[in-house]
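Okay, got some structures for you below.
Both complexes shown next keep chain A, but they swap its partner, so chain B is in the first and chain C is in the second.
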Partner chain A sequence: MKSLHPYTKFILVFVISGLSVLLDQAFSLMALALGSVFLFLAAWPSRSWLKGFFLLVSTTVWGIMISQGLFYQDFPRTIVFCLVPPSETFPGLCFIKEGFRYGFIQSLRFVAALSAGAYLINSTSTEMLFRAVGALPLPRGLSLMAAASVRALPRLAEDLHLVRQALRLRGYRPFRRGLIYTLRTEMAVVYPLLVRAIRDSRALADTLLTRGFDPLAPAKNYFLPPWPRMERALSLVLMGLLLAIFLGKILFWAYLQGVFYAEVLRPFYAFFRKYV
Partner chain B sequence: MTVIEVKALSYRYPKSPGSNLKDISFAVRQGEIFLLAGETGSGKSTLISVLCGLIPYEAGGEFKGLVKVLGKTWPISPVKLFPEVTVVFQSPAEQLLADTVFAEVAFGLENLGLSKEVVTKRVKKALAEVGLSGYEAREISSLSGGERQRVAIAQALAVSPKLLLLDEPLSQLDPKAAQTVMDILKSLASQGITIVIAEHRLEYVLPRVDRLLYLEGGKAKFLGKPKDFTPPKKEVNPLPSPPKGQKAVEIKNLYFSYPKRPPLFNGLNFSFYENERVALLGPNGSGKTTFLHLLAGLKKPVKGAIRYLLPQDKKRFALALLLQDPDLMLIRTKVAEELSFSLENLGFTRKEIEPRVSQVAKELHLFDKLKRAPFSLSRGERLRVALGALLTGRPQVLLLDEPTTAQDPKNALRLFKAIGAELVVFSTHDEDLAYALATRILRFEKGKIEEETR
Partner chain C sequence: MPRCLGLFMLFFVNTFSFLLAAKGALAYDLKKVKAFGLELLWEKELEDVSFYARAGHPADACLRFSKNGKMLALGTFTGRLMLFSAESGRLIWEKRVPEGMVKRVAFSEDGRVLYYGAQSPDAEVCALETKTGKRLWCFNTAKSLERGTPAAPGDIYGVYKLPGIYRLKVLPGGDLLVLGLHSWYDEKKSTWRRLSRLWRLSPAGQVRWAYPKDGPAPVTMIYADADHKGQVVATVTLMPSEYEGDRQKPGPPPQSFVALSGRSGKEIFIYQLTPLKPYFKRVSAWESVAVSPDGHFGALGASDGRLFIFDLKAKRLLHTLNLATPIVIGGFPVAASLSYGTFGANSIFYVVSGESTLPYGLPMAGDKPAGPHPKARMLFAVEPASAKVLWQFPSPFKLQGVALDPQGKTLAVAAAAFRREDVRVRQFGVLVFDLTRPGGGLTRFAGYFPTLGPCFFHLAVSPDSRLIAVVENPWRDEIGRMFGSYRLLVLKR
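Take a look at the complex of A and B:
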C-alpha cells in the first residue's frame, strides 16, 4: 500500500472522502471506515504516528457520540438515562439513544476521511507529493506552497517541543505562578515560533528568487514515475463506483421526493435504502 | 574580462541607524577567486546580497553608487541574473528546498525548462564536481553538514553559472570539510567560473584566493593580494585555569542512538569537575549537540546514567542550557523581562530581581538595550540576551551549544568572563577560541570522544 503511485493514492483518498459524504447507513460507513483504517495500517505507520492517530480517532468518536447523545434534538428520542432529570423549569440533561447512533455515524464519516488522509501523508514522501501535485495542471507556485507548508509542520512541531523544553530548563512550571502568568507564558511560546517562521519564509523567498523560480510557470511531470496500468485501471473502477453511487443517490432522492419512480428500479431502491 | 564592477557603493538597510556599506569600490576579473573578509557584522553578507540582486531590489533601503555585474547595471531583479549568477547562502538548511539530493540539484535546471535528459545529465555532472557522485537518491536530511554544503554548491553549479557567490560556506564546517569545499572552489575557478566568497575563517581561504577585500564596519580596509595582507590578530588572552574542584557530573556507560541510525555513543564514561570549562570540538553530526541535550535531560540515553553531584541550591538553577538557536529561547517583549524570567520562576521578589538583571546586563553589554525587544537586536546580541536569561538564574552547570557563533573574540571572552557557573560545557567550531577559553578539550569524531591536552 505504501508503494502505490501518488495518483492512485490521491484517487483512493478522493473516493473514500466522497463515499464518507454519500453513505448514510451505519453498516456501510463502518465498512468504509474499517477499510480506510486498514489502508492506513497497511502503510506501516511509525509508533508515534499510530499513537497520535488512535488518540485522535478515539477522542473524536467518543466526543461526537457523547455530544450528540446529550444534545440530540430530533424525534423519535429514546432516553437511556439522565444526568440531570427533567423538571418543570429545566428540560433535563439526558443521553438519547438516537443521538448516540447519529453521533456514531458522523464520527465514522470523520474516521474514514481522516484515515485516508493520514494514509496519504504517512505513505508518501514530501518530495513525491510535491512532484505529484506539481504535475497537475496548476501553476508551480501552488504546488510549491503546498509542499512547503507540509514540510514546515514537522519542523514547527520540533521547534515547539524545543521551546517548551527550554522554558522548563528556565524553571517554568505551568500553574506554579498562577493562571494569568501561565496563560501569558503559554501564549508567548508563539512569539519565537512566529519569528522563526517569518525568517524561514524570507529565506525561502530569497532562495526561490535567486534560483529562477517562476510561480506562474506551468507544471511539469519530470521525474514522476509512470502511473502503472493496473493502478490506472483500479483508479478508473473506483472513480466509476463513486460516480455510480452519486448518480444512484440522486435517483433515490428523486424517488423519495416523488419526482421520479420506475417499477423496474424497485430492487435498486431496496438496495439503496438498506445499504447506502 | 571584468565580471564585477563596484564603484562608491553605499547602502543602508531600512530602519538601520547607520550605513551598512560605506563607499566600497572594487572589481573582479573572470576566473578569479575573490574573498570578502571581515568579522561578523562587517558587511560581507550585505555585499553578497547586493551582488546577487536581492539588494536593493528585494530589501529596499538606501542604495548609492554603481554596481555592474556581467554588463548588467543595478538595481536588477535576482531572477534576471539567473542562471549566470548563482548564490550559496550562509545556512544550507534554509536554502535547500527538496527532500532528495537529485531533486535539489535539478530544481534550478527545471526552472530553466530543460529536457529531462539534459537535467539528469547536468545533475550527475554537478554532483561529480563536488564529489557526491552516487548521492542522487539520498535524502537531504540524512546528509552531514559538509555534504549539505556541497549539495548547495552543486545546485548552484548545475545551471552553469558565470559567477558563483558564496556566503560563509565554511562557517558550519569542520576543518576537513572546509578544506574539501575550498579545493572544489579552486578547481571551479580554473574552469573559468568567477567566485566571490564571503568568509571570516581566513586560515582556510587565504591560501586559495587570488585577491581579497577586507571589510570593517562596512568600510573597505584592504583591497589586494593575500600575500600583502596581514590578518588582524585574534586578541584572545587565554582565560586562567583555576584548580579542579570536586566531581560535578558523572557519566556512566552511556549509550545513545537515533532511530534507524547507527549508534552515536557506545558506553561513554566521563567525569566533569567543578571549575572546569570543557570545550566540545568535532565535525558537524559528530554528536556535540546530542551530547549537550543528553546532559540537559532533553534526550534520554538508551542505556547508562548521568549523575549530577553538586549540592542543590533552591535559589539557583542546577542546570541550564543555551540552545544552538537562541531565538527559540526568547519569549518576552523586552530584554529586561527576558532576563527576569528565570528569577521569577525561582521565586525571587521584584526588589531582588532588578539588581540581578542590571548586573548581568552590564556584564554582557546589554544594559542600554534593556527596554528593547529581543528580536529587534542583532544575532550576536540576541545570543547574549538568551545567555543572560540563564545567567540571572546563576546555574551551577551551564551547557552552551555554539555560544561563539556571531561573536567576535572580544565578545566571546567577555561572555565567558561573565559566567559564574561551577562547570561550563560548550560546543564550538572555533578551535582558537576553544583553546583560549577551555580548561579541557573533548574531540568528537566518528562516535568516539577523545580528550586533548590544552
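Take a look at the complex of A and C:
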C-alpha cells in the first residue's frame, strides 16, 4: 500500500472522502471506516503515528457519541441517565441511548476520512506529494496551497513537541497543580503555535511575492514515475463506483421527493434505503 | 504504546457493549414453557424490529394456512414473504417485497397460488406459484389510489402513508376480494386525504368489478368481508377525505355500513351510522366488519362499544347491542371498543372488546378511567338473529385479533399490550377456545400459551384446528428493557 503511485493514493483518498459524505447507513459506513483504517495500517505507520492516530480516533468517536447522546432530538429515545433531571421549566439534560448510537455512526464518517488522510500523509514523502500535486492539471496556486498545507503538518507537530519539551523542562506536569492550572497551561500552548504559523505563512507569502509567483499559471511538469496500468484500472473502477453511488443517491432523492419513480427500480430504492 | 493499545481496546469493548445493550433482547426458551392446552411446535426468528418496539409500535405480520393445512404463509412488516411447511417449519421459499410491507396473504382454494397484498408505493396484489415462488401476475392499486410520498429513511410510521391492501379474501371459484386504502397527509395540498376502493379480481388478476365503479371513494374503508359464496360484500366507511378535490368524486357517504352485491359490486344497502352522543362525535371501527357464511347477516363492532347487526336479506338494521358502550364511573364516561370480530361456520358472531378508555376527543383534563368497564377485555359469542349473547369470556389482559378455522371448531385470540403504561397488564400470549364444547366461556377456554412480548392481531388457525400460528413482537417495559422478539410461533393443540 505504501508503494502505490501518488495518483492512485489521491484517488483512493478522494473516493473515501466522497463516500464518507454520500453514505448514510451504519453498515456501509462501518465497512468504509474499517477499509480506511486497514489502508492506514497497511502503510506500516511508525509508533508515534499509531499513537497519535488512535488518540485522535478515540477522542473523535467518543466526543461525537457523547455530544449526540446528550443533544439527540429524534424518536424513539431511551434515557440512560440524567445529568440534570427534567423539570417543569427545563426539559432536562439526559444521555439518550439512541443518540450514542447515532453519534457512533456519524463518527465513522470522520474516522474514514481521517484514516484516508493519515494514510496519504504517512505513506508519501512530502517531495513526492508536492510533485504529484504539481503535476495535476490545476492552477499552480491551488497545488501550492495543497502542498504547503501538507508540509505544514509535520512542522506543526515538531513545534508542538518543542513547546511540550520546553514546558516539561520548566517543571510542568499535567494535573500536578490542579485541573484549572492544567487546563490554562494546555490552552496556552496554542499561542506560540499560532504565532509561529502566522509568521511562517507571512514569510512564505513574501518569498512567493519577491519571486514573482503567478497563482493562475499552469503547473510545471515535475518528474513522476509512470502510473502502472493495474493501478489506473483500479482507479477507474473506484471513480466509477463513486460516480455510480452519487448518481444513485440523486435517483433515490428524486424518488423520495416524488420527482421520479419507476416501479422496476423498487429493489434499487430498497437497497439504497437499507445499505447506502 | 502498550498503554495506547490498551486504551484503544477498552474503547472498542465499551463501544460494542453499548451496541449489544441496545440490541438487548433477553433470552427465553419457549420450548421449556409449560403451557395449558398448547405447546410450541416450532418457531422462526424474524428480523430485529426493536427500533420500532422502542417507539411503542408493533411490527405488522399476516399469517394464513393453506386449505389442506400443509403450508403456512407469512408476510412481515419488513417486506418478507415466506412460505413454510406448517408441520415441520421448513422454509419452502422466501421473497422480498422491496420498499413496502406484506400486509395481507391468502391461499387459493387448491393451494397452488399464494396471493399477497402490500403496503408500498404500488400497493400491489400479486399471485405467486406456491411450488416455485414464480410471480404469475400483479395488480397495481396505486394507479387508482395514488402513490403518495415514500417514507424518509428512519421514519417508522412512513410506510403507513403509502397505499395498502387492507383486506384480501379468496372467494369461491378463485376470485379475490381486495380492499385498497390510502390515507395520508398530502403536503403539497396541506391536507389529509383518504381514498379507498374495493375490487373483485378474477383468478387471472382481471377486474370483475370495482367499487366505486369510476374511481376511488373519498373516504376511509378500513375493512371488508364477504359471505362464503361471495354473493354479499360488506364494508364500513369512516372519515371523509379533507381535500375538496377528492370530495367531488362519487362514493358512499362517510360513517356508513355498506353492503354490495358480490356479483356486480352494486350497492344493495347503505345504513348511515349515527355517533353515540354526547360522548362520541363520530363512529370508528377497525377489523370488525363481517358477513355471516350464508350471507344473511352483517355485523359491525364500533369503537364506542356498540355492535350493529344487519339483516342483509331484508336490507335493514336488525339489532344494536350496547356491549361495551360508555358507563359513568367517578363522573367520567368509560367505554371499550369492539375492534375485532368474525362469524363462525355456524353463523355465530365472535367479537372482542378492548381496554377501558375515556371517549377520545372529549374536553377533559384527564385520560385515565376511574375504573374498568365491566365488559372490557371480553370475548363475546353473539347469536345474530336474536342478538343474544350466548357466552362470554372475561380476560385478565388485553385481547386483540380473532382467528377461526373454516369448520368453526377452534377460535384463537391474541393478547397484547395496552398503550397506557399505568393501567396495562404485562402478560401476553395466545388464548384458544374449543367451540365444540358446551357451556360458557370458561368451559370452552382450551389453552393459553404465554409469550414475552405482545402477539400481533393477525393470527391463524389451521383448517384441522390443530395448529395456531402467531407472531410475537418485542416489547419495551417502563424502564426501557426489551422483552421478546419478532418471531413466528406455531403452536400445537
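Convention: the second predicted complex is superposed on the first by the 193 of 276 C-alpha atoms of A that agree within 3 Å, B and C clash if a C-alpha of one lies under 4 Å from a C-alpha of the other, contacts with A are read in each partner's own complex, and residues count from 1 in each chain.
Just so we're on the same page, a contact is a pair of C-beta atoms (placed from the backbone, for glycine too) under 8 Å apart; a residue touches a chain by one contact, two chains touch by 3 or more.
The structure presented is a predicted model; accordingly, all values stated were derived computationally and were not measured.
When the shared chain is aligned, chain B comes close enough to touch A:R177, but chain C does not. In the superposition on chain A, A:L153 makes contact with neither chain B nor chain C.
Judged by the touch definition given at the top, the superposed model places A:P192 against chain B, while chain C stays out of reach.
Touch counts on chain A: comparing chain C and chain B, the chain ahead is B. Of the two partner chains placed around the shared chain by superposition, neither chain B nor chain C is touched by A:A233.
When both complexes are aligned on chain A by C-alpha atoms, no chain A residue touches chain B in the first and chain C in the second.
Against chain A, the residues of chain C that register as touching in their complex are 1, 4-5, 7-8, 11, 15, 18-19, 21-22, 51, 54-56, 79, 96, 98-99, 120-122, 140, 147, 149-150, 152-154, 156, 476, 480.
Across the complex, chain B is touched by residues 125-127, 130-131, 151, 159, 162-163, 165-167, 169-173, 176-177, 181, 185, 188-189, 191-192, 195-196, 199-200, 203-214, 217, 220, 222-223 of chain A.
Interface of chain A with chain C (complex): residues 24, 47, 50-51, 54-55, 58, 61-62, 74-76, 78-79, 97-98, 100-101, 104, 255-256, 258, 261, 263, 266-267, 269-271, 273. Within the complex, the chain B residues that touch chain A are 52-54, 58, 77-79, 81-83, 86-87, 89, 91, 94-95, 97-100, 102-103, 106-108, 110-113, 116, 119, 155, 159, 296, 298, 317, 319-321, 323, 325, 327-333, 341-342, 344-346, 375, 389-390, 393.
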